[in-house]
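So that you can tell them apart, the chains are marked A, B, C and D in the order they are listed, and the count of residues begins at 1 in each.
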Amino acid sequence: MTTTQIDGLMPIVIMMAAAVVLFFGGHFASVILSPKKPTPQKDTAYECGEEAVGSAWSAFNVRFYVVGLIFIIFDVESVLMFPVATVFSEMVKEGHGLFILTEFLIFIGILVTGIIYCWKKGDLDWVRSYQVSARRNQPAVAVKAKEVKKASA
Amino acid sequence: MISLASYLIISMILFVIGLMVMIARKNIVAILLGIELVLNAAALNFVAYSKFVTNNLDGHIFALFIIVVAAAEAAVGLAIVIRFFQLKETIHVDEATQLRN
Amino acid sequence: MNQTVVSFLAQYEFFDFLTKIFGENSLLLTTLIFLIFSVAFVAVAATIGGLGTYAERKISADIQMRMGPNRVGPYGLLQFLADGVKMMMKEDIMPRTADKFLFYLAPLLCLLGVFATLAVLPVSSGFTLTDLNVGVFYLIAISSLVGLGVFLGGYASNSKWSMLGGMRGASQIISYEIPVTLSVLAITLLSGSMSFGKITDLQAGFITNWFVFHNPFAFLAFIVYFVGAMAETNRAPFDLPEAESELVSGYHTEYTGMRFGFFALAEYIEVFVVSAVAAALFLGGYNLPFHISIDFLPIQFVQLSILVGKALMLYYVVIWARWTFPRLRVDHLMSVCWKYLTPIAIFNLVGCAVWMVAFNGQSLAQLIFGH
Amino acid sequence: MFLNTLFVMSALLTVVSAVLVLTTKNIMHSCVFLLGSLIGIAGLYATLGADFVAATQVMVYVGGVVILMLFAVMLTGGKDFVSKAQNLMGLAPTMGNAWTYGVSALVGLVFLFTNIQLLTRLGTMSKLKNDGAFESTVNKIGHLLVKDHILSFEISSVLLLGALVGAAIIARPRKQ
């Protein structure tokens, strides 16, 4: 059995430290070299020359969350698939190929069921989920879009 | 020298802080943060015990599944939070009183 | 296993001399060697990142029949240094309404995510800083810090353009991580390892041993990986988070001076990193096309230049794509990821698994030409 | 020696970030501190030789859960990022009466004594050799997942399917 030394993790720590050092070094140089003349106009957020109105921190559309949700499920599934993929070729050489293939396919099959469900329900559809939320105010536009979709389909 | 006790102490601190976050804060997202801390404390315990006591990898498997369950829990929990916000326009936990009586 | 640059250098005679100098305290020596190599890595990576901006301008000028930068240094080669100095001397502006803590933190997260991936980059059989058992997996995992940095940068500015760019950027980066991960998973399946060293060693020898040509599915996986990686690094035609014609400058609209420089540096280094990873996973990595003993130290530099050469070729393709394809629309972006790349990546994965079982792990070339 | 350094750094990062999660009023900052705490835990896993679990921790939390939480804060926030009486300082007047404080003090004392009893025994018990050399875990975890724990492996897939479908239904914009 192979053993690993914990020292192998040292470069990661050193690299992260290097990033921090570079960051603060750059800042330091910037503080020394750069001028500092703030004006009230300069310190506002950029809105193409207009006065900035309100805060940008407002509620966003839910579709961003749905994308994140599908992502995290896939992420976790791929995490579980990595160790199985690592032993795959070994198992094939030992003659358990069909067994592990079946197992793998069942796992992926369940994953694919999920994405097919989301596809059918339109969660992968950036525009349609937008129309559903906009229908409250403008029914005509949504109906028109639906007709266009039907016609194209 | 690092021993099992050091990991257990860290795990305990994390667990207690997670519990305090869950109790003290009224923001539902913050409560979910507390739950993540608690679950991680448990997973840390599993890995520490599997290293120092049992000497096999079942603890690692358990930690893996804890992470999986935590991710699923966060996904569903945050979906509920968003839906709650759509209904109530707030995520203050004391507003969730529809099932009280 | 877990080969590091220290364990590689330990097989040479001059290492004994060094251990004599440093005595029994091997930790000091290890740290010192790691430090020297890390600093070299950072310097080279920063130079490549800086030259990346130069190359981008020069190649775009070439494609558009212009001259490009040609005043600073020979052929304008030192332009990036001038740009760096200019950035340091610019006034550092932070919007009054910004979230100060996160405004400072966001570029740092981007830098952290990119620099931490450099630690496992397989540049040669000996000079790789560390060859982790979970190398590929670690690389995918830690590089998602960049997405977080982009999102927080957009959020902290408290500007509408930044916020839109940040949200778009984060959702784009996490979406395209899925096809990339699944393609890498296919390679893990074929090679049976997550360590860059082992994966590269399996591709030693003639060009047919490369994983691109292992089977048709692996070839598709390479294309999916490359497209996904381009999107993950926010490169055109997937540069929606920083689309200058619609979002001003996206998530770094409010960033000036050195902090903007860090974002740009992180992006250009990340393009190099994903190109190098593509070269290592699919295109044979640092392997020479013939067998040669790696004990001879200058061979390491040959291997290094082979990997960097392959990576730079892919880098050229990335820049070329920028001036060839128009930018995607945001709904097309999502449907490209979820309706095309991800199903194709899953199909590749299943195809690779079936191939492994059906042909007992042999590659296409082995099947055709025999062993 | 590097093992000890890594342990101390990770432990400090974990605990300090966790305390900051508790005491920060801004929920956005809390999420970022949670990220620090989780990365610290990944470092602790690394000191235990659990390389795969450490990488998984980084992968799932940094890439996934924290970004999802930040998304959720963005989607629900807007007006109320800094809310009053959400930290420890605002806790006392809103929580319970003398009776609850008495019971919780009792429970805390029992908890403390039990822990002290356990920890003192554990401190003397386990002096395992921890010299910084570990066996690779990835292959073993793979074998365990496809042989011993095959059922939980497949069932976790079903769990994730359920989470995906359920959360998608809950979060989907309604037609109303």
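Descriptive notes on the structure:
One rule holds in what follows: a contact is a pair of C-beta atoms (placed from the backbone, for glycine too) under 8 Å apart; a residue touches a chain by one contact, two chains touch by 3 or more.
As the structure is a prediction and not an experimental result, all values here were calculated from the model.
Chain pair with the larger contact count among B-D and A-B is B-D, by C-beta pairs in contact. In terms of Cα centroid distance from the overall Cα mean, chain A ranks first.
One inter-chain figure worth recording: subunit B and subunit C are separated by 33 Å, centre to centre, where each centre is the mean of the chain's CA atoms. Per-chain Cα centroids separate subunit B from subunit D by 5 Å. Per-chain CA centroids place subunit A at a distance of 22 Å from subunit B. Computed centre separation for the pair subunit A/subunit C is 17 angstrom, with centres defined by C-alpha atoms. Touching of two or more other chains is recorded for residues 1-2, 30-31, 132-133, 137, 155, 167, 170, 174, 177, 194 of subunit C.
Across the assembly, subunit A contributes residues 2-5, 7, 9-10, 57, 59-60, 62, 64-65, 68-73, 75-76, 79-80, 82, 85-87, 90, 111 that each touch 2 or more other chains. Contact with two or more other chains is made by residues 64, 67-68, 71-72, 74-75, 78-79, 82, 85-86 of subunit B. Viewed as a network of touching protein chains, the structure does not reduce to a path, ring, star or complete graph. Under the contact rule stated at the top, the pairs of chains that touch are A-B, A-C, A-D, B-D, C-D. Residue ranges of subunit A in contact with subunit D, taken from their complex: 1-7, 9-10, 13, 57-66, 68-73, 75-77, 79-80, 82-87, 90-91, 100, 103, 106-107, 110-111, 113-114, 117-118, 121, 123, 129, 132-133, 135-136.
By the touch criterion stated above, subunit D contacts subunit C in their complex at residues 1-2, 26, 28-29, 32, 35, 51-52, 55-56, 58-59, 62-64, 66-67, 70-71, 74, 136-138. Residues 64, 67-68, 71-72, 74-75, 78-79, 82, 85-86 of subunit B touch subunit A in their complex.
Residue ranges on subunit B touching subunit D, taken from their complex, read 1-10, 12-14, 17-18, 20-21, 23-27, 29-30, 32-33, 36-37, 40, 43-44, 47-48, 51-53, 57-58, 60-61, 63-65, 67-76, 78-83, 85-86, 90-92.
Contact residues on subunit A toward subunit B in their complex (touch as defined above): 59, 62, 65, 69, 72-73, 75-76, 79-80.
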